[in-house]
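Report on the structure given below.
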Amino acid sequence: MANLRINLCGLTLKNPTVLAAGILGNTGEILKRISKHAGAVTTKSISLKPRDGHETPNIVELENKSLLNAMGLPNPGAENFLQELKIAKSGAESPIIVSCVGFSVDEFVKVAEKIGNLGDAVELDLSCPNTKGTLEFSQSPEVAAEVVSKVKKIVKKPVFAKLGPNVNKISEIAVACEKAGADGITAINTMPALAIDVETGKVILTNLSGGLSGAALRPVAVRCIYDIYENVRIPVIGTGGVLSGEDAAELMMAGATAVGMGTAAINEGPNAFKRISNELDKFLHRKGYKSAAELTGLAHKR
Amino acid sequence: MANLRINLCGLTLKNPTVLAAGILGNTGEILKRISKHAGAVTTKSISLKPRDGHETPNIVELENKSLLNAMGLPNPGAENFLQELKIAKSGAESPIIVSCVGFSVDEFVKVAEKIGNLGDAVELDLSCPNTKGTLEFSQSPEVAAEVVSKVKKIVKKPVFAKLGPNVNKISEIAVACEKAGADGITAINTMPALAIDVETGKVILTNLSGGLSGAALRPVAVRCIYDIYENVRIPVIGTGGVLSGEDAAELMMAGATAVGMGTAAINEGPNAFKRISNELDKFLHRKGYKSAAELTGLAHKR
Amino acid sequence: MTIQRSFELVDIVKETPKVSTFFFKFNKIAEPGQFLMVWVPGSEEVPMSVAYSDKKSIAISVAAIGPASNSLHAKKIGDYIGLRGPFGKPFTLKIGTKRIALVAGGYGAAPLGLFAERIKSSHKEVQIDSFLGARTREDLLFVKRLEKVSTVYISTNDGSTGHKGLVIEPFEQELKKKKFDCVYTCGPEMMEKAIFDICAKNNLDLQASLERIMKCGFGICGSCMMDDLILCIDGPVVEMRELKRLKEFGVSHRDKAGVLQYWKK
Amino acid sequence: MTIQRSFELVDIVKETPKVSTFFFKFNKIAEPGQFLMVWVPGSEEVPMSVAYSDKKSIAISVAAIGPASNSLHAKKIGDYIGLRGPFGKPFTLKIGTKRIALVAGGYGAAPLGLFAERIKSSHKEVQIDSFLGARTREDLLFVKRLEKVSTVYISTNDGSTGHKGLVIEPFEQELKKKKFDCVYTCGPEMMEKAIFDICAKNNLDLQASLERIMKCGFGICGSCMMDDLILCIDGPVVEMRELKRLKEFGVSHRDKAGVLQYWKK
């Protein structure tokens, strides 16, 4: 067995797989359950007030294990989530990353104040493409930097900035976040997309557009991670289309230190983390690598 | 049989399928061959000087009929292409769209001067993600508008601006092009992406990153077309991931007047146009539509 | 490609004044207890248990009670309706089973009806007692369907037919006379809770199909979470062993935001 | 997922001083005449004809002459090499064929060797005459392989073995004595052109595998275009009927930019 352990900003992950924000992560009990196999678990993105999310349909299944979603950030709100975090912390078997979201810089700060120090790290969802205004935080280096630096003043734990692909140049935004004090980057969020049911001629999602995730997103994620790795020194949680151990290896070779997974966990349930970290282990063994950490950034060597 | 005929800026297309730029389109004879079944044919993007393109590997096949390519705009150059256009015009059975590309505004103008009036329309490739600098033309509304308005002064035929998805807001760029006089928009070009061969740890494409096309791109294309249709009045050649007649219907319902196809023609060869326009015909018949033109923008009706 | 979303509505059968069964052309086979996410284009998407399923078609039996269900009732044959799934864990029969009880409230008769039919086609030896309850006679669902494959016990709140009172009462009665290897229930949570209490007391095996707000069907939205179960994946059918340790069963559920809410008793 | 790109090199067989055959673990079966796009990670990707193919492995026979082919020759067993394909139209046998001629120059013996073997395993009755040519004795490829399944006629430019001179000469000789239902050729274009002229004159059917710059393998790059044929899709094997109308055959080809270039005669 290869050494799967990863050091992510001082946190020890038992393997590089991380539950991505927004999937399965809204109750303390589920976070605990997934922490059995995942190297780290990210909570749903928590806003200041409870949100019902968008009306259904909020999801479109695409061929080839890809999804379109416009959940609309349903979450119980920071206040109600205190209790869930308490449950999660009592017995979680891997670090908990608290995803915070806001509809203004100020709201990000308030959410971070309330729950940002109760997990092991914070992730700032600067790039949700499915709610009005939230995508813009990661479309401007200045705004992204402002959120990061203000939250950094409050939170004692490592802070990750989560970026999306729908920008002119993602590495510019990552650099701005690094300069503003971010301890890491999570890349990427979903890509804005839309699907129409041709039988009825209707847009499927109530929100009209949604975010593309899963296999279709992976080559885009790999490119973003590769670009970011070339331009920053802080670690990257690579996320996008990881459905197998070899997919995880690809994102790590591109520059990821750990690997987030959303769609895989949707397709397969909590079992995905166990399977994929096993597959990664087998891959490392077959290719003669001693540890998962060796993979990070390998494709940059000429 | 439904009426498949389409009016695109005064050009009559016998069906809505269009050979997308960059595939199969670099010789007069092939353009003629494809014009038998396609509603229109777009040439390879022609630059001022001949270009060898990037060194191989220049293509990665992905699951689910998607591709990553970094051809690097191989083309015989405007001067050599005069002869090919002459051959194409002698007997082409559908309109020829001449795709022009430049590495400066000035070069776009020079190419358009040389070959822009020799086909039936011009497409300006403002969004090639695979060569240094070419993507930027469609990442700024001002630059895109400048290219369009300067080319419009020279070219007497309809001018289409081809845009890519890798921008903060594609509809802004489309609006700028419309204001600058563009007669139509072609959307979308490929999405920047990257693939690593995990067996060897090497980036596959010699150019490192490439453009994602095919099935994986379709939901992104549908979103872009939908957004553009809401914001401009000029017609859109919708392009991205069309592999079946129902895919074509989806892009049209999103707002496309005609439908470009690249990856389908790669997977299947010239036969793709015949098959897909037949499938579209069957779809129209099954759903009781009288003409293909009825589909355009259908999903915008509430 | 978008995995086919909408399917042709090929038949509608009125079962009771409120409930109709909708048949669709559909080529995936569902197990009894699994559910579909059903979307009426232009309206919402909600979960519905599978009432019939074969290689070519699938059906759901829907009570018209609110916006989503009413919008489906407004549809005609030939219309297209969005279907995703089937999702979730089905009812299962343990090896060696000789006699089972089905306890259904309302549209719970739909998945249990399908379950009884499937058992009879592959395990003829199994004895089935079905307990059906409704407010009044005309609301009873699938009586004839279940009579073909089981012994049926009927209860109505108003006594218009069968036993007057709750479905639980005839069930308790039979329990004294027969040995059930397993009890299967689908209906309002309070009814299920009562059945659970009886089974727990009598040391009987139980499978209950639980209902929660389900906005996605496969682990995203968070509304169906129940303790550490994700009901759309780990359920909707939950076994005795799990039911016993669930703190939220019969007590609380989550709203659309995922906030814990207590059932009104 | 990226469709598997690189495959394990499991064996290397030195055939001549310049040509080696490289075997890979590979599970798609190729037809004789089809080609692979072969990428040595870190170097270029070029087309190579399939020399052997079964359910578990595939092989190419490569002449070390320039950057791409030399980088492959530098590889060892256990290394991973990128393979895409198989692509293109293969050699085909028409129903009722009794006798055929294979005319190979250089590594052209690889696809024709595979073709002869396939014919012998399914159509034993077909008589095969193989004409192999090379500069000198030690450059001759697959003589033994072809002797097992056909009558072999050898030519060398220096006369170190067999007929001294061009491969065309013994072919013309035999032509006078035998009736070939079809001729199959793979080698330098000028040799193929000469064979074509002979066949056309004698009203013989012909299939020729043509070589062009191929930078993609399936219709994108434009370098393999020949009149209105896309050789990577419509070829590399082209039949007599097509060859007759091709203006570029033996005359011109396209460079990497797609510019028409005339062959030096």
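Labels A, B, C and D are assigned to the chains in the order they are written; within every chain, residues are numbered from 1.
Assume contacts are C-beta pairs under 8 Å (C-beta built on N, C-alpha and C of every residue); 3 or more make two chains touch, one makes a residue touch a chain.
Everything numeric in this text was worked out from a predicted model, so none of it was measured.
Enquirer: In how few steps can one go from chain A to chain C if every step must land on a touching chain?
Expert: Contact-graph shortest path, chain A to chain C, evaluates to 1.
Enquirer: If every chain is reduced to the average of its C-alpha atoms, which one ends up farthest from chain B?
Expert: Comparing chain centres, C lies farthest from chain B.
Enquirer: Between chain A and chain D, what is the separation of their C-alpha centroids in Å?
Expert: Measuring from centre to centre gives 51 Å for this pair.
Enquirer: At what distance in angstrom does the C-alpha mean of chain D lie from that of chain C?
Expert: Averaging C-alpha atoms per chain gives centres 65 Å apart.
Enquirer: Centre to centre, by mean C-alpha position, how many angstrom separate chain A and chain B?
Expert: Between these chains, centre-to-centre, one finds 33 Å.
Enquirer: By the touch rule stated above, which residues of chain D touch at least two different other chains?
Expert: As it turns out, chain D has residues touching two or more other chains at 1-2.
Enquirer: By residue number and range, which residues of chain A touch two or more other chains?
Expert: 60, 62-63, 195, 199, 202, 215, 219, 246, 250
Enquirer: Under the definition above, what is the set of chain D residues touching chain B in their complex?
Expert: Per the stated touch rule, the residues are 1-3, 5-6, 37, 39, 41-42, 44-46, 80, 82, 84, 215-223, 225, 227-228, 230, 233-234, 254-260.
Enquirer: Can you name the residues of chain A that touch chain B in the complex?
Expert: 60, 62-64, 66, 68, 139, 165-168, 191-196, 198-199, 201-203, 208-209, 212, 215-217, 219-220, 222-223, 226-227, 246, 249-250, 253-254, 283, 287, 295, 298-299, 301
Enquirer: Where on chain A is chain C touching in the complex?
Expert: Residue list for chain A touching chain C: 22-27, 29-30, 32-33, 44, 50-53, 55-63, 69, 71, 74-77, 80, 195, 197, 199-200, 202, 204, 206, 265-267, 269-270.
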